[in-house]
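Below is one structure, written out as structure tokens; comments come after it.
Read from first to last, the chains carry the letters A, B, C and D; within each, the first residue is number 1.
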Amino acid sequence: MLSKIVRTVANQLIVFILIFGLYVIAHGHLTPGGGFQGGAVIVSGVVMLLVAFSSKELKKSLRERVLTILESTGALIFAALAFAGIGTAFFYNLLVDTPIFGRIPPTGPGPGDFWTGGVVPLMNFAVGLKVVAGLSAVVLAMALFSSGEEVEE
Amino acid sequence: MEHMPLNFPFLAAALLAAVSFYIMIFKKNLIKLIMGIAMMSSAVNLFLVALGYRAGGNAPIYTDVPEGPMVLPVPQALTLTSIVINVAVLALMLTMVMQIYRHTGSLDSEKSRKLKG
Amino acid sequence: MTHILESGYAFWNPIVWIIVFIVVLIVVYFFRRRGQKEYKKDTDQTRIFLCGGEVPEAGERHIRVGNIYWGFFETLKEYYKQILRPHTGIINDYVLWFVAITAVSALVLLIAGLAK
Amino acid sequence: MAALITQAPILIIAIPLVAAFLTPLIGMASKKARNALVIVSLVFVAFLVFALARDVVINGIHVYTLGATSPGQTIPTGFMVPVRIILEIDAMSAFFSIIWSIVSLAAAIYSLSHIANETGQTRFYTLLLLMVTGGFGMMFTGDLFNLFVFLEIASISGGALIAFRTRFGDTQEGGFKYIVVSAIAGLMVLFATGILYGQYNSLNIAILAQAIQYTTLDQIALALLLIAFAMKTGMVPLHLWFPDAYSVAPASITGMLVITSHACMYAAFRVCFTLYGAVIDAPVVGWILIAFGLLTMFIGVTMAVFQKDVMRFMSYHAISQLGYMWLGVGVGLAVLGNPGLLATYGRDAMSGGIFHILNHAMYKPLLFFTGGALFHLTGTRDLAKMGGLAHKMKWTTILYIIGTLSISGIPPLNGFSSKILIYESVYQFNPIFTVIGIIVSILTLASFTKAFHSAFMGAELPEYKGVKGVPRSMIVGMVILAAGIIFITLFPAQIVNWILHPAADALIDRGAYINAVTGVIP
């Protein structure tokens, strides 16, 4: 566990990291980024917390069981979105021409429209959830392991 | 950027690959071996991105892009996928090296050769 | 049904073989029935006989794997010495082999391509 | 049913994937429900695979487009998309997927009691199902990049499964070696994909196959792809990692790894015959495959005779058997440009090589499973510490004998049917190869006899007096594969005509594979 200054600053900074990560996830269909990249940004915040507090402290709030459930849920939402279009084909974009993310953008350069992309933004959220949970579990497990503690099974 | 010789990124990728193979063949430390593989994946990723580059091209994003050619988006998608895969591979390798260290107390590849012959 | 799996010179039909096996089994059964009738299990008749001496314990009289085919390995000692040399168990060598073989086959293909 | 078969290609890949991520959730509630989910999903996948294979053999190649109804369609219309992500299933892919579905089902059933005493079983089944997904993906995918992705999925989950029993040190070493080798092979495949994409602006195998020129860069890409896949199959002299990884994995996983190695062989065939089929320097590449095949057969078997670790000994035999397949297909490739020779013996040699893959996929996992049963009972892989185990494991002994006779090519078992096809056809190409093949076969029988004697024969050893028998689910897993062996033994000709000749023809006739995609693009 590091000094009080570091812990306080980390506590404040995690909010901004979370917001930036969520921004990258949400705008994955318009700008560079997406589920994995935004998730990795959020996990970098988790790593910061891991450095500021100890892995034992963090283990109390980020429990392995919760992370497993979140990871599986993310993957299952992704698969469910892909399966939703199976009437036509797997991964078929059902939401085209619907009010939810359904607008068709004009071709050529122009400002990005957030409500486009169909199921792609939703899939970005699912992937983001999975990446946050999965990579946090990886980082946490490695930290616990190297601090000499057995990882619970 | 427009006057950059187009072959330069490919040469850089080749150099990276050569260095990474050197590391993988001659460095006996397992962590260094993993670094070699990470460099190898960087070399391949650089190669892929360089493939999609068009002279003077813009990033393939619709948001407020000026007129003109765009670089190819497909190699960038490939690169992103390969980065994601490499994250998984590297995490797995590091976990195994930690376990090897726990069991043998050494990171030397010449010492972790219980399986041979 | 007589000619299945033809390969130009020969054919292979497992049914023929199975019939032969059944015939052989019947013959064996016939011989077995003519055997001694007064054989009894768990008597001195089934005990191991080793020159009339002491029979070793089960663990000691079992021929372990290291002793089987001793002559074969003794004859091919040089071959095994050579063949075991690359099997170092060091991961760096595995990468080296991969690089070497890739380079050699790329060269072979390039030379063959030039010759064409 | 028709709709199910239309959707079958993606369902076969997606159902294990969904089941993989359901297992952690269900595993928290109940172990039995989790095991049932694994088995039921794999049984359903096996059913779909058989239905799909039947349809492919009867009606021709299936092309499944992800996200649209045809490979060239765009939403909204009017955009230029060269070709979408597709799955393309011809007889060859169907053949490999049949093998994979049977072996993965048997391995899952075998695992139920083989890993019953380990920690983290839920993760084991998640990884197992992911590996199934990766394998099917490799066999079905229609583009090079997804081949790389699925290869990596199978490699990562396979590597994690090899190192699954973390309480042993050697499992970690074997898993590490496997994952390093897989990572390098995967990166080389990606590099070659990049080279081809840079020249022909496509990732689709069929489109690439139509456009390919065999420039210098293409030759380098061919070497990279061929050697990378060959390393993943365990071709000598790139086999050094193979026994290290296979001997330490849980036996059920070793059985599955054999088939992932065959999936890489499928990828190599696809590259040689379909992607480069028109331009390839067939005699040169064919002779390279033949030379490596002979080396693989001979060095594999001589190393196997020498081994004292039961799983390692079987791993070396797996390597040696892979040589037969390379030999058969290599002879087919060497005469690919000569229709007369191809009809005389080339097609038979290829069918023999492919038939040997089917047989090997049945008996080698069976033998690995019996090795796992030995480990389960004795707690050691060292043959020198075993003896008299036939008293304790009667079923396993019988199954081991079936596997031994089959791998050594003793008539009338199935190993003989494929070996005679290879011997007879290769004899016409070059008689010496057949002689080498027969010597290797003899050495195989000799070494399996040695292992049989030291593990099963003899009086009951005092240290194994108290051990229990082999659990029932492990027997069931082995019996599934033994039943496969018996079936192939009894009906070799039917199997050759039903699936093997279509599969060999699918390799020779690359035009059909290309037309299935290019024919539907506007």
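Here is the rule we go by: contacts are C-beta pairs under 8 Å (C-beta built on N, C-alpha and C of every residue); 3 or more make two chains touch, one makes a residue touch a chain.
Because the structure is a prediction, the values reported are computed rather than measured.
Of all chains, the one whose CA centroid is most distant from that of chain B is C.
Just to note, of C-D and B-C, the chains joined by more C-beta pairs in contact are C-D. One inter-chain figure worth recording: chain A and chain C are separated by 54 Å, centre to centre, where each centre is the mean of the chain's CA atoms. For the pair chain C and chain D, the distance between C-alpha centroids works out to 23 Å. With centres defined as mean CA coordinates, chain C is found 44 Å away from chain B. Centres computed as Cα averages put chain A at a distance of 35 Å from chain D.
Annotation for chain C: residues 87-89, 91, 95 touch two or more other chains. With touch defined as above, chain A holds no residue shared between interfaces to two or more other chains. With touch defined as above, residues shared between interfaces to two or more other chains in chain B number as follows: 24, 30, 33, 113-117.
Under the stated contact rule, the graph of chain-to-chain touches falls outside the line, ring, star and complete shapes.
Of all possible chain pairings, those that touch are A-B, A-D, B-C, B-D, C-D.
Interface residues of chain D, counted against chain C in their complex, comprise 176-177, 180-181, 184-185, 188, 214, 216, 219-220, 222-224, 226-228, 231, 237-238, 240-241, 244, 281, 284-285, 288, 299, 302-303, 305-306, 308, 344-345, 348, 352, 383-384, 387-388, 411-412, 416-417, 420-421, 424-425, 427-428, 446, 450-451, 453-454, 458-463, 489-490, 492-493, 496.
Residues of chain C that touch chain D in their complex: 4-5, 7-10, 12-15, 17-18, 21, 57-59, 61-66, 68-69, 72-73, 76, 79-80, 83, 86-89, 91, 93-95, 97-98, 101-102, 105-106, 108-110, 112-113, 116. On the side of chain B, the complex with chain A involves touching residues 59, 61-67, 80, 84, 87, 91, 94-95, 98.
By the touch criterion given at the top, residues 7, 10, 14, 17-18, 21-22, 24-25, 28, 64-69, 75-76, 79, 119-120 of chain D touch chain A in their complex. Of all residues in chain B, those touching chain C in their complex are 21, 24-28, 30, 33, 109-110, 113-117.
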